[in-house]
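Note that chain A is present in both complexes that follow, paired respectively with chain B and with chain C.
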Partner chain A sequence: MKALTFAILSEPEERLDLSPLTPSRLAGLSQVQIAKLRIGTSSHPVMVGDVFNVSGTDLHSIVFEGSTKRFDRVGAGLTAGSIRVDGDVGREAGRKMSGGSLTIQGSADDHAGSGMIDGRIEIKGNTGSYLGGPLAGEMVGMSGGLLIVRGKASDYAGDRLRRGIIAIGKGCGGYAGYRMIAGTIAIAGRVGAVPGYLMKRGSILFDRHPTELSPTFVPCGEPDIAFSSLFDRFLMREKIMNRPLLGDRPGRYGGDNAVLGKGEILFRRKF
Partner chain B sequence: MSVAWIGSQPVSLMDAVRKASGLLKASRCPVFTIDADVHGTRSAIALAERVGAPYDHPLGQTLSREVALFTDHGGMFTTAGEARNRSDVIVLVGDIPPHHGGLLLDWASTQPRSDKLKKRSWFHIRGSEYSGAPKLAVRAVRVGGDDLSLGNVLAVVRATLQGRQTLSSLTNIDRLLKSLSAARFPVFVFSGASGQMPDLIMLQEMVADLNKKGRAGSVFLPADEAAWGMALTSLWMTGFPPRTGFTDSLPSYDPVRWDIQRMIRDKEPDLHVWMSTRGGQPPSKGTRLCLIALERTAVPVQGTAVTIAVGQAGLDHDGVCYSSKTGTFRAVQAAEPSQLPSLSSVVRQLAVALPGRKALVC
Partner chain C sequence: MQQLIRNGVLIDDTFAEAFGMRATAIIITAPSLKWARQAAITMTGFATSVIGCGCEAAIDVELPASQTPDGRPGCRVMIFAMGTDELQKQLKNRLGQCVLTSPGSACFADLEGTASLNLGNALRYFGDGWQISKKFGGKHYWRVPVMDGEFLCEATTGLSKLAVGGGNLLFLAADSDKALNAAEHAVAAIARIPGAIMPFPGGVVRSGSKIGAKYKGVMASTNEAFAPTLRGVVDSALTPEINSVLEVVIDGETEETVAAAMRAGIKAAISLGPKKGALRISAGNYGGKLGKFHYHLKDLLP
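Up next, the complex of A and B:
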């Protein structure tokens, strides 16, 4: 069976909410019914058929051929199956996803993986701010799953991360791991200011010494722990990194001492 | 004197209203920017609901940061009156907007009611980004560190208060700790302009820490009082602060999606309705976006399809505005009454001119 394919006809004039286009929400709908789903967000909203040419029948494998930054909430609420986007997407990609896989060949805007519960998101390009973070009024960010960014992430990556793993390939902006509750963030490349600010617990892993730490993180030596090699092997087995991130006996900072002081920043000692 | 223009041509108010309502009716994605008193804001939001338009304030970025402290985190707040009556230690945090200088001087001229013999202590926590201008209205002991940002200074103060280790020391930290430990009701005073969002959250968590052993509070002084008044009015009407939209018929709050300046940059709307009784520059000026301006002006706003001059509450007509000093709204009388129509009256006429001809509920 050919994957259910949404080929873009032209650049939409308005932002689109693509959360209805997931396997579970499309189940039992004919192509005509799918074409009549409302996805626009203006006062005269467009429907699927106005923006996409729909083809294919395999609901468990969805492909968006061509995309724009106006595609919001791609794969939001995904529970099973796979979605692939051949291009960039807008905000909240994979929001509240609880299973399946979402692959974005381009870049994603703010709040990618927001409130993710389980599953796998892979973004080949860069992402905006608040990677995995909660929306306004929510208390917890990502609480499970694997979120991979091959490019660079902007500020506040992993805001209020509760559980799960975030891996970033080419560095990130300021406040990585901001208000982190638990979980793991692995970052290769340059890191912005004050990573781990207000973090309670959890681990932030770097491939180099962080330069602008908050003074409430204190050095804790170079512990000889099994975790670093185990996690390095996991990252390489999953093809997230192609060489060890931490290496043996990584350096360690503990903090944020302004909060609980039970979080840690581990870093590779020699880059 | 003309109060309405189509393009740059003076027309009657009714013609301008008819033209503006036609543009609103034809618009696929209109957006509103609102800067007005309570009555103007209520009418504008009611019209936004009628046409399905999101709305924001011209100072939406700062206002959004101030609102986020309440929506995303919360805090322990007290009123300016309580601070004046009860606080024995006042800690100013970061930049305090100069228009609150009178309030600080008022506090400085009084003693806490609980202990009139005790002089109130003043501290000022500030980081390397502190501008120092304009000068603070009161004298306060500076607490800070070399090359430490406000966020880092607050983090060090909080960690030190809990007896935890830090890598930096601060000037006058011992004096601050001594005063806080002896204080019956320390109050931290801050504004949305004081620092970044993480700094304000660190501050609020420090106030919460202090409340585990005693009593402490914070006073929030908005960066712009009129903007905060608009936010409160929006909350009463829709349950949400500005950056709320009505495209699904129900109000939905999204500080990024309904950021009107971002929407205009990304060319999402096709009509911008700029309502400002204080003047200012519409963010859509210089773009090809169709613009309707309801503004306190004597000349047509350049680049607009329709301009209608409106009066300002407290200047041209009576009104109701927010006051930080009382922490609530107050009636203001016209200082220089004029013939300019109020924003709410113009918006009501616009609503009646729309299809259906229904009057606004407010």
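Up next, the complex of A and C:
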């Protein structure tokens, strides 16, 4: 069975809400019905057929051939199956998804993986701000699953992370792990200002000493802990990183002592 | 009793009677094999028989760094008990007193079973609020701060209800050196069978028992039929040339594991021959009424 494929016909003239195009929401619909689904966001919204040429029948494997930054909410609410996007996407990709996998070959805009519950998101390019974070008014951000960014993440990555793992391959902006509740953020590459700002619990892992750390983080030595090699091996086994992130005896900071202070920043030391 | 002969060694046409048990397995790792082994030996100390120890436990195999979850040397430990509650109690106490306390140790589940037993879930409170929960790769771990760093422990391990305990072999020899030689060879061969442990000291028991005694309240007492000093005065199972008997008791992950272990043990003792080892190989049973699993020696010959 060929993957259900949405091939772009032309650049849409408005932002699109692609959340209806997930396996569970498309189940039972004919191709004609799918083509009539409204995905536009203006007062005269466009339909699927206006933007895409739809082919294939396998609902559990959805492919977007060609995409633009105007594709918002791709894979939002995904519960099972896989969605692959050939290019860039807009905001809130994979928001609140609770299973399955979402692969984005290009970059994603703000709030990628927002409030994600479970499943796996892989973004080959960069992401905007608030990776995995909550929307305004929500109390928690990502609460489970695995969110991988191969490129760079902008500011506030992992805002209010509750559970799950965020892995970033090429560095992050400021305020990574902002208001983190728990969970794990693993970051290789350059680190922006004040990571872990106001984090309560959870772990932020770096492959280098973070600069511009908040003064409310206190050094906790270089303990020999088995967790670092266990997690390094997990990252390499899942092909998230291609070399150990932390190495043996990582350095540790405890914080943020402006709040609960049970979080940690672990980082690879220079030998 | 009909007897079979292999390489000059007599094999009784009898069977070992074994019981269904509950079992679990964990991997204990440490910075060096020495300390992994130390934690494992301490944890499996005083665990020879469920009669008096609550469980039967021993090291199954030693694992090189490449085969453990955290890339450090380790030991796979198996623990057997008659019931789930007792197994959980023994596991928790032994883990808390012997593994948590051992320098640099970490502990991982190593058995997929029908139910789960608490590992780190039972010990995390030692962290007094500073314990850290981590879930990744489909597994849940607890990190408990301790004086040399952290005790890393998987939250749960699996429980198997397919385990079998009480597989055994009796080595009857002309003297105690030869009996011990036969038993040691069997132990070395069985140690190579994955999933089988021999919980007694060095794998060997010298005080084989029967059920009950002439004294009230004594659950088990000496098996006089196999005691050479009583050969003349009781209804003995020993012939005049036998002066020492040693037993190897085997617990296995499955019925097949025990059979494989017994087969390996018999083969090792037979290849040793009667001049250096056992003149006769037998097995212990209770007439076949108590245990569900019967291992007939004639089916296990090389």
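Here is the rule we go by: the second predicted complex is superposed on the first by the 270 of 271 C-alpha atoms of A that agree within 3 Å, B and C clash if a C-alpha of one lies under 4 Å from a C-alpha of the other, contacts with A are read in each partner's own complex, and residues count from 1 in each chain.
Convention: a residue touches a chain if its C-beta (ideal position, glycine included) is under 8 Å from a C-beta of that chain, and two chains touch if they have at least 3 such contacts.
Quick caveat, the model's predicted, so the values are computed rather than measured.
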So, after the overlay on chain A, do chain B and chain C clash or fit? They fit
Vertex chain A, Cα centroids of chain B and chain C as endpoints: angle rounded to a multiple of 10 degrees is 140
Pick one for A:Lys270: touches chain B only (first), chain C only (second), both, or neither. neither
Max touched-residue count on chain A (chain B vs chain C) belongs to chain B
Query raised in the report: Does chain B (first) or chain C (second) touch A:Asn257, or do both, or does neither?
Result: first
In the superposed arrangement, does A:Ala136 touch chain B (first), chain C (second), both or neither?
-> first
Query: Thinking of the overlay built on chain A, is A:Asp224 touched by chain B (first), by chain C (second), by both, or by neither?
result: second
(message) After the superposition on A, what does A:Lys239 contact: first (chain B), second (chain C), both or neither?
(response) neither
In whole Å, chain B and chain C in the superposition are separated at their closest C-alpha atoms by 16
Overlap of chain B and chain C contacts on chain A, residues none
Residue set of chain B touching chain A in the complex reads 27-30, 51-53, 68, 71-72, 148, 151-152, 154-156, 158-159, 162, 164-168, 198, 201-202, 205-206, 247, 253-257, 266, 268, 270
Seen from chain C, its contact residues with chain A in the complex are 29, 31, 69-72, 104, 106, 129-130, 132-137, 141, 143, 148-150, 152
Listed in rising order, chain A residues that touch chain C in their complex are 163-165, 182, 184, 201, 203, 223-227, 229-231, 233-234, 237-238, 262, 264
Residue set of chain A touching chain B in the complex reads 13-15, 41-45, 69, 72, 91, 110-111, 134-138, 175, 178-179, 194, 197-198, 214-218, 256-259, 261
